[in-house]
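Next up: some structures, all given as structure tokens.
Presented sequentially are two complexes of subunit A, the first with subunit B as partner and the second with subunit C.
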Partner chain A sequence: MRFKTVTSPHILQQNSVGQVMRRVLYAMVPGIAALVWFFGWGVLINLALATVVALGAEAVMLSIRGKPLALHLGDYSAVVTAWLLAVALPPLAPWWLTMIGVLAAIVVAKHLYGGLGYNPFNPAMIGYVVLLISFPREMSAWLIPHGIGQPHALSLLDSLQIIFGGAGSLPVDALTGATPLDVLRTRLGLGQTVTDIRNSPVFGVVAGQGWEWATAGFLAGGLWLVYTRTAAWQIPAGLLGGLVVMSTTFYLIDPQHYAPPWFHIWSGAVIFGAFFIATDPVTASTTPRGRLIYGAGIGILIYIIRGFGGYPDGVAFSVLLMNIAAPTLDLYTRPRVFGEKQL
Partner chain B sequence: MIEMSYRQILQNGVWTQNTGLVALLGLCPLLATSNSVVNGLSLGLATTLVLLMCNVAISLIRPLVRPEVRIPVFVVVIACAVTAVELAMHAFLPGLYTVLGIFIPLIVTNCCVIGRAEAFAFKNNVARSAVDGIATGLGFLMVLVLLGAIREVLGQGTLFSQAELLFGEWGNSMTLHLIPDYRGFLLAILPPGAFIGLGCLIAIKNVMDARVQRHIAARSATALMTAGS
Partner chain C sequence: MSALFPFHGGLKTVRHKTESNQTPIQAGILPPRLTVPLRQHIGAIAKPLVQPGDRVLKGQMIGQPDGYISAAIHAPTSGVVSAVDQQPVPHPSGLSDLCVTIESDGEDRWIDREPVDYHRLHPSELRQTIRNAGVVGLGGAGFPSAVKLNLAGRSEPLATLMLNGAECEPWITCDDRLMRERAAEIVAGLQIMAHLLGPAEVLIGIEDDKPEAIAAMTAACAGTSYEVRPVPTRYPSGSVKQLVKLLTGRETPVDGLPVDVGVQCFNVATAYTVYRAIHCGEPVISRVVTVTGQVHRPGNLEVLIGTPFAELIKQCGGYRDGVERLIMGGPMMGFALHSDEAPVTKAANCLLAAGPAELAAELPVLPCIRCGACMDVCPANLLPQQLYWHARAKEFDQARDCHLFSCIECGCCSHVCPSHIPLVQYYRYAKNEIWAQEKEKQRAEQARQRHQARMERLEREKQEREAKLRQKAPVRTEVVPHLDPLISVPSPTKGEGSGQVG
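Right, the complex of A and B next:
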């Protein structure tokens, strides 16, 4: 009989950066598949374009900074940033929109701050916020999901033409519409009740029609990430907890003016943000208690921005705001070392 | 104390001790009004004028002021100069005055004005102080105009828009539309654009300085080698 005679720590596998990043990419596949099903080829074109631009920008910045190219390009971190951003963009976003967003993410938010591991803000969300602030019109042109009204039959060629050459004769304006959160926000402003608004064709069983399936896909991928411990469970738990507490409180106060908690959780970018964006190990808090507080802060901020702010959704802004707070959270929630006196 | 030559004073003000890029004084007006070339140029000129007036005045009254009370005296002199500039702009350039708004009276809080008064004008004669005021002002103006140009081109695709506010009628024809049919990049006009732009300018200046240093070091090394051989 043979016994292994290795000394501790008995870690079976090495968690390299590349492996973690690859897992994030795998986990995004179900959600992306649902997005492609409901929104068409544009999603895939955006993903491909963002990946190419991100790898190019990463290579240029690495060579300017004199870093080894193969090592850092091979860790997939630029691809993850590109995918996170591309998924958040409208499916028929013009090519320059995707390009500016990715460049802002990789060049400004990542490399100007010192590269992977040194960036205080989530690069993909910086890219998204730059676009949201600079190009509000292009960023709000979301396609109506497949299945509502007429089936939108944009072929691959049509999508390519719209993205790279402008709309031309194609009826793009007829195909785009307000997102469910947009509808909720505008109609609440007009004084309608939540029940009336929820009868509009944009909404499905829980949240937006079509959108709810993409959310389900991202939830499945996200749960797998937590199961494989690629993402810390405290962050999504804290985020969803914070959002549930806020939305339930307001829902109980006045159910006609505030959307129910399940709608808030299932619509917009909440699930995607909770599992894929907020869990970025570089920009999030690193202590167990800190992660809970960090997540809860994002959840509460999302509700505040949605309910009382100027934008229909607030995941990106909330994540960036809590990114600033993460180092302070780490400082105050440092776990006690065994034997250390409690303060 | 070794007196600096005029050349050194100029070099210090415009480059080595540049208010905007090295000392990072007066960031509030620098970031807030540099959203177009004309705004930057106007505020730069106003600040230069204030700096010149304050440096000359403080250098003149230097023998009369006891060091213990110098700071309150500086404050009063600066406040007078800024008020004079503000009233003059209100009288002669009302359009520009409305555009720049609060930032004209806020020149009074620009740390570089009291900084130059304390560090230079209170210790030097009138001619030197005047040159220092102009040099510091020019350095500030340079950064304002450069940052304004970058943000205006990126943000609106134009240069010298609204030039009529500063130059009168013929300023209308100065506006350059560099990129036709430009959609506008709002971020460059908004405050984040100012921060990112200033950061890039500082980085460029540091790179240039490092290059020059390396060049000088290399040249002195070769000079030593040739002298040795």
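Right, the complex of A and C next:
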């Protein structure tokens, strides 16, 4: 009797790229729920719009590149990119803003660099940075917490109208405001102390009001990702470690001009970035030590950009800068091979 | 209990041991024809000692070891040699190799077996007896054991003699059954090995999913200083370097052998054959093979070397429906046979008839997302994803720098890859390419040396001819002084030249 000859191993674990990506999506759910609660339907509309545009762009690019559609669309990587970007956008961002961002991420940052697995930069962060640089006014128009769980919530229809038809008669300007990090940055520039600024109504217990709950949601999801080994623990550990070291140092030097470490950790996109953005395996370092250094580099850069740079938050730029360093980190942090003498 | 020293990586795999380990080892039937490959070991192929037409007895040497690293081959039964030629052998390539085919006479008549008292033999004679019995590593590698039992040239005494009863691959249970049923014989063989090697300690490593085997071996070791050490069931704990690390904490150097860290390790079945060779005077002509998977009566058979695999399947009730691959060895490292006509060899520990239930579905390959799952399970602590990039890009030098040759091809990386990349296949490819390049380089170097030798020879011959000519014409040599003025005509220029250089 003749048989098929296939090389070993002959058994494989039930595991797939699609499964890895779907886990990332599940892990985002608690954080997204909190965002919807505090910032309204706009968050969900952004997510849906980004998903549709991302899948469309992915399909077009795949067919141009002659790749099988079902196989590659089924890996959910485009959806992950879409969600990561959508969550980072202002909840009432006009539809074209979301679209431009997603197209920049999927078409340019992902497929023009060779598609899944070959892109040197985090696609979602490329999309975000393109928008941040090109449309600074739209990108800073964050809602003050007026979500569906809040007293003066915008209805779904109102949200749709603002996103797709512009503000019209709706009092959007009254709803939008600077983000807590914007406030901190601007007022520190005016010479106010951290303690005074923290008394402003945009702040809650630890960080921005409403934001702190979204952060808690993303932390829960992120810890689950680490627990299931979907995300490497070294990256968030390095990132938060780097940020804590920097912020604690400056806070101890002058607590009136530098926000405390817990504020930094819990503000802006730090937790989300640490567990969901920086952990994108394609663009991160792949060795255990490399991942720690990569994470720490992002943490340090976030602090430098927040404290001394031109933007209130620096997660996107920090991630992209460390993306460039990842191949070099891999080269110099190779683990000791079994039986090799101590390096 | 002594501390264990876990190795990096590894996996919990499916087990599937109970399919075959619930029944005792059965004797294999005597097939009408046996095809005995002359290369069943690492090293040089054995030199055939028989010709077609020769009558042979069971246990008679039919292949002589050719060189130090080689092994003897014996007739598994009595009968007539019908051919000494190329026959299909169980090898991943599916190529043929030199085999002795024996038509059984059905009598199964032994040569004179001479048990020996090993205490009386000089160590070198004892080693020679083991070598002549064709004892090789039965764990799968097939390295001649007599070589490993010789510590001559090593200054330090051996710290640890180790017996490998881990049997970490799923499905395989031949060592499990052997330890349960013949623990005393295994330990007797181990004693002979210890007699030759004089180790400070003797350890037996068995995965803890085999409590019966652990109990039997512990009982057999009573009264000796040998220690049975259960190890956690974690693939690939049966890989020699990993087992050495587990039990002793010592890491075998990248380019070295366990003996470099004072450990010599043998498979339990190898110890059993040493016992048979010395105490019974019987060479290695049979082994226990697990036949499992999609067959009607899975179990362990003690079969003659050279029995066609098809006979084993028949004895186990034949194939069930849907067998797609016939795997020799386990599902992690074993290779798929082209056909079941190939014969059992000393390295054949398991025959797995695999259908869709046993096998992974053939899934489409996606790009590497650099998730590092492969790195987390690599027992050699390599960076499989980087090796993959280099192998794919044919950057063989970089692959070698990333310790490609530390890869033991255990298959853990391919097993966990979410993109279903056949990583091990890439590493085999890269290794083969590097070996081919090295051979090519050697050939080129040989050709260069030959060419140079030829040029030197031609030059030498030319000079010799000229010398002979000069001897034959002595008169002309006297003429030379008269020619001197003519030759020295351009000498001023010469002088100037040398002056300038000076």
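Throughout what follows, the second predicted complex is superposed on the first by the 322 of 343 C-alpha atoms of A that agree within 3 Å, B and C clash if a C-alpha of one lies under 4 Å from a C-alpha of the other, contacts with A are read in each partner's own complex, and residues count from 1 in each chain.
We adopt the following convention: a residue touches a chain if its C-beta (ideal position, glycine included) is under 8 Å from a C-beta of that chain, and two chains touch if they have at least 3 such contacts.
Since the structure is predicted, the reported quantities are computational estimates derived from the model, not experimental observations.
Of the two partner chains placed by the overlay, only subunit C lies in contact with A:D75; subunit B stays clear of it. In the superposed model, A:V108 makes contact with subunit B only, not with subunit C. Applying the stated contact rule after C-alpha superposition, one finds that A:V20 touches subunit C and leaves subunit B untouched. Once the two complexes are laid over each other on the shared chain, residue contacts for A:G165 go to neither subunit B nor subunit C. In the superposition on chain A, contact of A:F338 is made with subunit C only, not with subunit B. In the superposed pair of complexes, A:L116 makes contact with subunit C only, with no contact to subunit B. Touched residues of subunit A were counted for both subunit B and subunit C, and C has more of them. Once the two complexes are laid over each other on the shared chain, residue contacts for A:P281 go to subunit C alone; subunit B is not touched.
Overlaid on A, the two complexes show subunit B and subunit C touching no common residue of subunit A. Of all residues in subunit A, those touching subunit C in their complex are 1-13, 15-17, 19-20, 68, 71-72, 75, 77, 115-118, 229, 232, 281-282, 284, 286-288, 330, 334-341. Contacts from subunit A toward subunit B in the complex involve residues 100, 108, 112, 130, 133-136. The residues of subunit C lying in touch with subunit A in their complex are 7-8, 11, 13-14, 92, 94, 170, 241, 245, 251-254, 256, 310, 319, 323-327, 329, 331-340, 354, 358-360, 362-364, 366-373, 375-376, 379-383, 385-386, 402-403, 406, 409, 411, 414-420, 422, 424-425, 428. Residues 183-187, 190, 192, 196, 199 of subunit B touch subunit A in their complex.
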